[in-house]
């Protein structure tokens, strides 16, 4: 039984962690912290958890968290984690950061896209990018894991086999992603109000979304050369789910067989990736840690349209964080994640 | 390990049974049947279940089901079960009927409200009304369980303690219920189309909904005298969930203390009923087997407003069916039902 | 051409006024004011209005508004209007207040329910309750009109003919109302976030909602004696619309004919009230100034279930305000309100 | 006052025509026809129209329609119109076809994509593609107008200025479009049920959607050379609205100024096209005939991301059909289309 602490437990990602971990057979929730709700029971903030998790929330305090827990999850706004994590903290507890601070290997890229100074550059070398299916062995021996973003997990996993196997051109990749509204977080902003989101769709952060360099970093690694791409996120009226529709030009001569082989080789044994032969729908993965990936070759245009769907709060955040924890602590990788997609279909 | 068969497995209630039972540690799914989709894999009809349940659907055939399974769940339109269940079937398998045919003890009432002839009157005496919290001991020794309706489970559980303890007048009870659209089933009807349901609310089956006599039967039993009440269901734009807002006149002298005592006495030890001190919201129970119940006394009017919330597909259908199975077969009552409410909150 | 000013123009009710008045043939929008957005173009706050209304917002200033306009609409939180309106203001402009301050004739009732001091008691006698269908002639000669609440308009219009004609018992009336989320306003509150409202339903302000005394006031006037009733509002996941499901005990001997006569007598000539023979649905009135009213007598229980549906932002707020303006200034009562319900059906 | 007939009046596009034309000052609705609902009042099928349009529906009969009306709108499934329209019909009435049969100039392309035989090839030369902003003068003198598809109107208008002015490469254009569910029509299909659409997003008809050749036809005309592109539609959980996110490579040296000039030159005087400086949102055009178009140049990638938003039932279908009628019959082009976008924002 390992002990777990969560800072930022009352955001959507943090509360999803509580939901998942409350059913994990190998962990005990030791400390839940929330700057906004300190002093109140978690289940008062999230009444769905009455009787499931009634812990009282404490103040966000990483020292205390590292003292009482074997693993500390950080579910904080970007820029916070880099000011909190230290070698001393890491000597006491494994840190799994759901924020962006340790995801980009290149600190200049981080500072350029996030417009803040990185406050613990020296730790970057120790951080592992926690995309489980790509970096499993490094994760297993790490004490600082940068849990990937929601859009990035979806986009990278969808494109990785194509790029890795050299089946598509490195130039001209376009990712058009659609996300449910929980991705915008629980902050009380006018733009997130029901009547502002409902019955509408829009693009946002065009040409400037911070998940772009994260996707490019991982696909460049896979390609063995720099990959620059176009990433456009959209907000759609639903709670959970991301669909990434990815467009790439196939290299000459590449057909169905090569593509299928590449996906099967990359993910044939993966428990959370399902290769599907109809277009993936977010409802088919909602509430679960699955990523559904499908594709279609258009001979007319020479493009491949590859699509990935996941639940932004599970595989796109808390679920992958639990998966990372399972890898580090030697649990079965699916422990606590045996979730059946729960939407009505 | 007991063997399970489901007839009508591809309706919303049937598929929810599959979802729940696929994670139940004590059962094996032996036979899934569907008139509409026989011959196809279950996961082709419900792609969310790819890799979780890929059984091929067979034709609805209760004989075959009873031959191969220890328990047969019927998730069929009303009127079917009464023509299928026989003493011979019951000698081979326990039958848990999610339909209406065996719920009403009085066959004339059944035929008056359902406008069909009951085809197995003799079995009615053997059927137990499967509202677990009220009839647990009878359920344990029954082989034919009439799983309650969704509205009825919610309404009865909300009002039962008040009626049982004699705290409210038997006359003038009003139940105004609101249901998500999965309650309308998966039939391809114009009225159930997205654009016909979305952005709207309406009442339906006013003064004529078939769950009315079912609620009256159980509350009359609790009261020890006939209870006639007004039940009005409403359709609202969401997938899952029922909220029953119940109005009753308090007997003179009844106050907060008596009401709280009555609820605690009735449900103090129940694992799936949560007594809550803020108005219940359906999102707090969605995806789980919980019923959240709250109430408010209005001294100005002398009324009590009691509210119950549940997930119509879980506690209102498949979850309670599993709970009934657990009781009959001696499993922990919560086995397979350890679901954390999954909605974003 | 009369000149119009709106204070609080960027709330949902205020912006709906702009939407309606921008198509009214007899008015010119002279001044739009907003405390939060002063200095910015209206169409920057509501981009749907680009090219339709690009006026720059000024600070809320009733003096200035009354100087430049013939009619001033107030769409402010309760408690503000009573501190702003004076005899001098009324000497310059007609005031139509969409807030609650001048709706209740009894100031003690106001202060008891609203928990604030009323700051212009002397003006109460001059205020007319602006429910057009009930008080048309008084409205025509008034300079201070208290535009009714959304729930109240719907509830009163639904029950008025029954109460006025003495067809129902005065005791035991219950109103169970369901509202879309725009009724909660545009304030950036966590409880109004998309993910907190979507896929859920709840009751709120049980036994304490401030529209209760307003409904009681008008029905008491119709009855000729005090009427005390139970009013319970619910929040449902849609933008616009209120459905009020009203329950009352019929007086002995009252049947279909008497009820139909009462409704026809009350509303036979009304242009915005439609008596319908199927349960009203909010989508059928969305975007329009209509109120659809239907009913069903339950002989089994002796109750009548009467239902009214309207758009909370139109007939429940801005539309009725325009209707009031039309009455006062002698326009055709439907001018600017010839809206066809616009939802997909 | 011209007389209007509509065949297929009870589909979503047909009923939207009724909604719009019922407020048009220059037309009288003479005949509404519906195969499914013949003999019933229109307002029984669409109760929102009670008191607005209570005409009795007749059988679909183009002969009768052309006899009684000056203009016949066809809102029928593809393949029907080509079997109904004849020179004789056109001699009696103008035909505005909301279906696909007369949109493609090349009959082989039509038959290849639609998999049906075209039954009136000789009429193709007489048909004008009714995209008002592009072909206004030809429309004015035509008697057979092929009203464009919803996706196509949105996509073509968004890309036309860029292609026409030669600012983007002709190869590699990608259109990722998102549509509300009314686009799927009113047919009672399982895939269109509320619970199947709600809380999900998916792509469909990848590399095979029939609006593709229509978009290519018009952009090829603008480019002066063949344009082949990738078009991917998505279904999202809302009633109305299409957002087309279009990706193209800028020609060397093209910057903000050239792009802005191109859009202003193309649409500077258009009443229904708004060039916007924030990403367009479908709620800002819902219920109106507007198209909002915005764009962003990404210097990092050399791409332009151009976005168009419209209401698929208005500018994407019935609104544009009315606009075409206005052009043909010499009405003000905005008559009956003076709609203020009606969504809550």
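Going by the order they are written in, the chains are A, B, C and D; count residues from 1 in each one.
Here is the rule we use: a contact is a pair of C-beta atoms (placed from the backbone, for glycine too) under 8 Å apart; a residue touches a chain by one contact, two chains touch by 3 or more.
Model, not experiment: these values are computed from the prediction.
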Shared interface partners, meaning chains that touch chain C and chain D: A, B
Compare the CA centroid of chain A with every other chain's and tell me the farthest one. C
With contacts defined as at the top, give the pair, A-C or A-B, that has more of them. A-B
Whole-Å separation of chain centres (CA-atom averages), chain A against chain D: 39
What's the distance between the Cα centroids of chain A and chain C, rounded to whole Å? 46
If you average the CA atoms of chain A and of chain B, how far apart do the two points sit, in angstrom? 37
Quick check on chain D: which residues sit in contact with 2+ other chains? 12, 182, 195-196, 198-199, 237-240, 281, 283-284, 286, 343-345
How about chain B: which of its residues touch chain C in the complex? 172, 174, 176, 178, 180, 195-196, 198-204, 206-207, 228-230, 232, 234, 236-241, 243, 245, 247, 249, 279-284, 286, 296-298, 300-301, 303, 305, 307, 309, 343-345
Which stretch or stretches of chain A touch chain C in the complex? 12, 181-182, 186, 188-190, 192-199, 237-239
Where on chain B does chain A make contact in their complex? 12, 15, 19, 22-23, 46-52, 182, 199, 239-240, 274, 276, 278, 281, 283-288, 292, 313, 338, 340-345
